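Listed below are the structures to be examined.
Below, subunit A partners subunit B and then partners subunit C, in two separate complexes.
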Partner chain A sequence: MESKLKSKVLQEFQQATSTLVNPALQSWKDQGGKVVGCYCSYVPEEVITAAGCVPFRIRGTGSTSTDLADTCLSSINCSFSRHSLDMALRGDYAFLDGATWVPTCDHVRRIYDHWRRRVDTPYLHLMALPKKVTDVQVQWYSEEVAMLRDSLAKHLGITISDAQLWDAIKLHNETRRLQKHLYELRKSDNPPITGAETLAVMVAGTAMPRSHYNQLLRQLLEELGSSNGHSDQRARILLIGGILDDPAYIEVIEEQGGLVVADSLCFGTRTMWELVDEQESDPVAALGRYYIQGRPQCPRMFGDQPKRSAFIKQMVKDFRVDGVISERLVMCDNWTGEQFMFAEDLKEAGIPYIRLDREYIMAGVGQLRTRVQAFLEMMGR
Partner chain B sequence: MAIDKATRQQMMVKGLERYKQEREYFNFITNLLAADPNEEIQLSKEVTEITVARYDEIIRCAEEDKPFIGGYFCAAPEVYAAMDLPWYLIMQTPFLAASAPYLLEDVDAAEAMGLGTDWCTACRLSLYYIEAGLSPPPTCMIGLLHPCDAATMLHQAVVRNDKWRDIPMFCTDPPYLEDQRGIDYFAGELRRMVTFLEEHTDRKLDIDRLREIIIESNKQYELWLEYAQLRRAKPCPQGWGMGGGQCFAVSQIFQVGQPRGTEWFRKLVDITERKVKAKQGIIANERIRYFWFDLLPFGWVFEFMPWLEEEWGAVLVMDMFGYTPYEPVDTRNEDTMFKGLAKRNLYQSPMVRQARGIADYFASDIARVVKDYDIDCVIWPGHMGHKDGSASVGIMREICQQLKVPYIHIGLDLFDRRYTSPEECKDKIGKFFSAMGLG
Partner chain C sequence: MIVGGCDIGSATGKAVIMKDGNIIAWSVVPSTTKPEITARQAMDEALQKASLTSIDDLDYIVGTGYGRLKVQFAHENISEITCHGRGAQSLCPSVHTVIDIGGQDCKVTSLTDNGKVLEFVMNDRCAAGTGRFFEAMARVLSCGLEGLSSLAHNSVKPANISSQCSVFAESEVVTLINEGYELSSIVAGINHSVAARLNAMVGRVGLSQDVAITGGCAKNEGLVHALEDKLKAKVMKLPVDPQIIGAVGAALIAIEKAQAKVEA
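So, the complex of A and B:
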């Protein structure tokens, strides 16, 4: 699908997505600003912002090999974990002033162990993310949020006040509102932006100083108001899956005529569809509740699958989706299970669905094309 | 919509078919072993006997419509014992020799069902058994969210299954780090598990009965520790055929807190002590003492483990299940008991202990075993399901280098011999032993 947008702002987002250190982040660093990496979207970035740092979602963008990481991990580990660790071992993450983890999955939780032993980053912090979503876990994770706040403040020699935390929450909520607005535009018959372009916008949001990003996004939304939409699609697609930060993957789907109009991705709706409750009395509790109960959850959370499934079905309805594509990184157990369950749920609901395996660095484009074409044909498109 | 009684009965009849076949297999093995007067064989016979007894108990409950549950060894089976709730592991079949005749067929059937081939075969099979109606549906279930992603997803898929979704499930949430906060939290999870069990069965937890069970299980763990010390002897009195696996099966599955289990441990210690005094090893000429840092390759164990002894004089001195530092649970009051159980079931249970938290935990285990058991080499089989372990190979290698002990990572499937064939594994190990000048 041809891009219709000739937007400078979009180009800035796309550039930020295709590299690690984008110009805006570089200029933040040049002014003495600090950047703290997050290995997973469950790290409460608001705390990092409140500490006066830029949260940066760790990726493997630009990696071409896993030679160094292969001395730590093995071939049955997912390619995201291998590429991102490889980059760290090569020094590509030397720009980070800190890095934070949750034990997302069996692969990423060990990256923490390797990083701690092999990479020289001034500040490291691991949060114990629970695997259930009841009030007890909200309480536990709120304590974890408080511990991150204390530990980061101690490391930086500052205090992080409640007021600063609220300011950060409001700033991040603003991002979420703007991003959701962008998604709302895609509900139309002729969405003004493609799925690939949207992913670039979303990824850029995890790599730039937040106020600057919000300002750019506002500008983009204004531009989109006057742009022509896409009407040449064969089908409207909902894309779901784990870590996907490469717009080129979606481009291949869209080249076949499947316009991605919505998603459930961790560089997508899962991080912004809902807001942190600004009416709570305690910002730490508000964050604890948001991350464990408030936002759409990842497969690793027990007790939440019916909700996740309902979320997908609601998106299908709201975005008038013709079919659902689910992508999974080879070796990812969390998404194997999730794909299996979704297959059953969507079959029951009569929604066309296809599961695709992929590697973190784009490969097998021909096969992807063929599978997508077959899927579109199967839907009679 | 809740399933009706007739459907449940049909599910039960079908689910019991395979279950009864497995029982018959263990009956057969028990009779076979009974004919051999060797003391150690008799110990093994007792293990198969108590296995049959558990099968009988579950079958009886199922047929008489009495409560029985799905449970796990690292989710305080002491509680199930105290509540007099018979339980079975929904994941047990792939781990039992009884599954051998149909294991590979089942693996293929699981694949045909759409369960990804890179997902732990034990989980794939367990889900397949449930989807295909080959497991007896329990009254309610305790699921598992550790040590691996695969287990977490398996239990979610079980809850989602259209027939099993009416069977209530509770999972204890495992804290990631080992500290007092984690113990307190997990103790709370165990208490919530008790509430759940009381709600969904007709049983109540009697704290005095729990104390009795724990006191008895404390004795079992003390004896297990004594036995583990005996295995330090050179030559090692037992190999892969007797040790961690059986101790685990007795103390954490089939005889939790039962005097019969304690008696089994006493006999084990007694027999082993005599062997040590007589300097009698499991093989005549022990040349390599290896640490097998995982589960045994259940799907093809007889094709591989004896070969190590016969061909190389290599003795499995310790495995992942055999030497975790159990502490007695303090039975003074309810609070100390739950906290003690939290610690035991989370930080001391095999596999969950090594695979759950940060790498330091398993790293210290490797160092401890290598030193205490005078290990000549560490073998990390690298089961295809153990993604966290495979993500740790660099750390394992580093630790072994520091300890100056050779290390090998094979890369296999504990259940499916087609993943890496026993021949390939033998070849890899043989070359490793030769290159390291072992044997």
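So, the complex of A and C:
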């Protein structure tokens, strides 16, 4: 599927996605601004923004080998954890003024351990992350948010006021509204933007100063309003999975004619489909509620699978999806079980579904192409 | 109407020529490092067997297999998953599950009553249970691929091979050789370990009878027996070489496409 957009803004997003330090982030750094890394979408990035820093989602973009990481990790660790740690060990994350973790899974927890020992980042903070999603865990996670707020403020020698937190929440909610608007455009018969392009927009949002990003995204939305949509697709695809930040992966799917019109990804709807409640009295409680209950959850959470399944089915309906492609990183135990449960749920609902394995740095394009082509043929497309 | 199907796999290239729905010639050639040349060689051999002088004698050609994008004379390409399903069921209408064991992939496909793909799974990025795996085992046992097929028959007690990884399985086999195990018992063990892996893949799409095995490895009778044992189902015997089923399916699809073209 050929890109129809000749947008400079989109190019800026794509550039930000294909590198770690984009020009906007560099100029923020040059002006003395601080950047704090987040190792998972469960780090409440609003707290980092409220502290006057730019939250940056840690990736392994541009990594070509894992030889440094493999000195302390093994082949049971997923390729995302290995590539991202390798980059840190190589010094590629020297631009970070701090980094924050949640124990998303055992792989990520080990990264924290090794990062702490071997990488010279001025500030490191590991949050606890509950496994369940009841009110008890909302309370627990809220306390973790408060602890991050105190710890980061203490490190920076500042205080983070409630008003600053609310400002950050409003700024991040604005991002979510704009991103959701972008997704709404893809509901049309002729979506003006491909799935690969959309992923670049989403990833860029985790790597740029937030106000600047919002401004660019507003501009892109204006441009899209007057652009011609895609009409040569064989099928409309919903893509679901874990940490996918490489638009080239979606490009392979779209080259076969499967236009990705929606997703459940942590560089996608899961981080923006719902908003933090701005009517709550306490910003910390509002964040606690949002991250544990308010938004579509990652499969690492227990007791929430039926809700996740319902979300997928609703997306299929709303975006008039023909088939669902689910990807997971090899060795990702959270997604392994989830893929099979989705397979059963979607089969029952009569929705075509295929599960794919992936390495973080794209390999095996031929196999991917065959699977996607066969999937489209299976749907009679 | 004369049509062609050309299946370019990782190990071999296959071509099938059909006239009025019947196979009139077919070929299997070893893959070269250039898929476009493999395709040409396979098709030229089939043309010669069919006593046709030119590829232009074919009304429509469909390419399939790993090298399908490089079959330059094909009018269209279709994935091998669709082609193996179509080929197997047309030759044996009761088939609803196809296990394709090729050079570098194994795939399990379940089919509807009219030969459409209902669901499929492919092996993960790993050589276990593929032709490459058997080649590696045949090499370490110095018995050739034919040996893997025939030797297992005499064995009543398969050796236990736990690893699904080709490299580690090879180490296990070396250990067994050094412990003095009978060759036939090791070969049976290899076939049983691959059958176990394929059984798990069949379980994912759900077994719906009858079952056919396609691809080069279907010629390994030891494996077929081990699979029947695991699946608790009989594997149907296909009336043609199982290695050409993908090309047969491609040719059958070529007929449909050619007819559609005529009508259009």
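Please note the rule applied: the second predicted complex is superposed on the first by the 381 of 381 C-alpha atoms of A that agree within 3 Å, B and C clash if a C-alpha of one lies under 4 Å from a C-alpha of the other, contacts with A are read in each partner's own complex, and residues count from 1 in each chain.
Note that in this section contacts are C-beta pairs under 8 Å (C-beta built on N, C-alpha and C of every residue); 3 or more make two chains touch, one makes a residue touch a chain.
Computed from a predicted structure; not experimentally measured.
*Asks:* Thinking of the overlay built on chain A, is A:Ile292 touched by subunit B (first), by subunit C (second), by both, or by neither?
*Replies:* In the superposition, A:Ile292 contacts neither subunit B nor subunit C.
*Asks:* More residues of subunit A are touched by which partner: subunit B or subunit C?
*Replies:* B
*Asks:* Touch test for A:Cys266: subunit B only (first), subunit C only (second), both, or neither?
*Replies:* neither
*Asks:* Which partner does A:Ala204 reach: the first (subunit B), the second (subunit C), both, or neither?
*Replies:* Touch status of A:Ala204: no partner.
*Asks:* Which of the two partners, first being subunit B and second being subunit C, lies in contact with A:Val330: first, second, both, or neither?
*Replies:* A:Val330 sits against subunit B and subunit C alike.
*Asks:* Have a look at where A:Gly380 lands relative to subunit B and subunit C in the superposition and call it first, second, both or neither.
*Replies:* After superposing on A, A:Gly380 lies in contact with subunit C but is clear of subunit B.
*Asks:* With both complexes overlaid on chain A, does A:Glu359 touch subunit B (first), subunit C (second), both or neither?
*Replies:* In the superposition, A:Glu359 touches subunit C alone.
*Asks:* Applying the document's definition of touch, where does A:Arg371 land relative to subunit B and subunit C: first, second, both, or neither?
*Replies:* The second partner, subunit C, only.
*Asks:* Go through the superposed model and pick first if A:Arg109 touches only subunit B, second if only subunit C, both, or neither.
*Replies:* A:Arg109 contacts subunit B only, not subunit C.
*Asks:* Show me the subunit A residues, by the header's touch rule, that subunit B contacts in one structure and subunit C contacts in the other.
*Replies:* 330, 357
*Asks:* Quick check: in the complex, which residue numbers of subunit C touch subunit A?
*Replies:* That would be residues 66, 78-82, 105, 116-120, 122, 124-125 of subunit C.
*Asks:* Name, in rising order, each residue of subunit A that touches subunit C in their complex.
*Replies:* 330, 354, 357, 359, 363-364, 366-367, 370-371, 373-374, 377-378, 380
*Asks:* Touching residues of subunit B toward subunit A in the complex: what are they?
*Replies:* 114-116, 118-120, 123, 127, 143, 145-146, 148-150, 152-157, 159-160, 162, 171, 173-177, 181-182, 185, 188-189, 192, 358-360, 382, 384-388, 390-395, 398, 409, 411
*Asks:* Would you tell me which residues of subunit A are touching subunit B in their complex?
*Replies:* Listed in rising order, the residues of subunit A that touch subunit B are 71-77, 81, 103, 105-107, 109-114, 117, 126, 128-132, 136-137, 140, 143, 299-300, 302-303, 305-306, 328, 330-331, 333-334, 336-341, 343-345, 355, 357.
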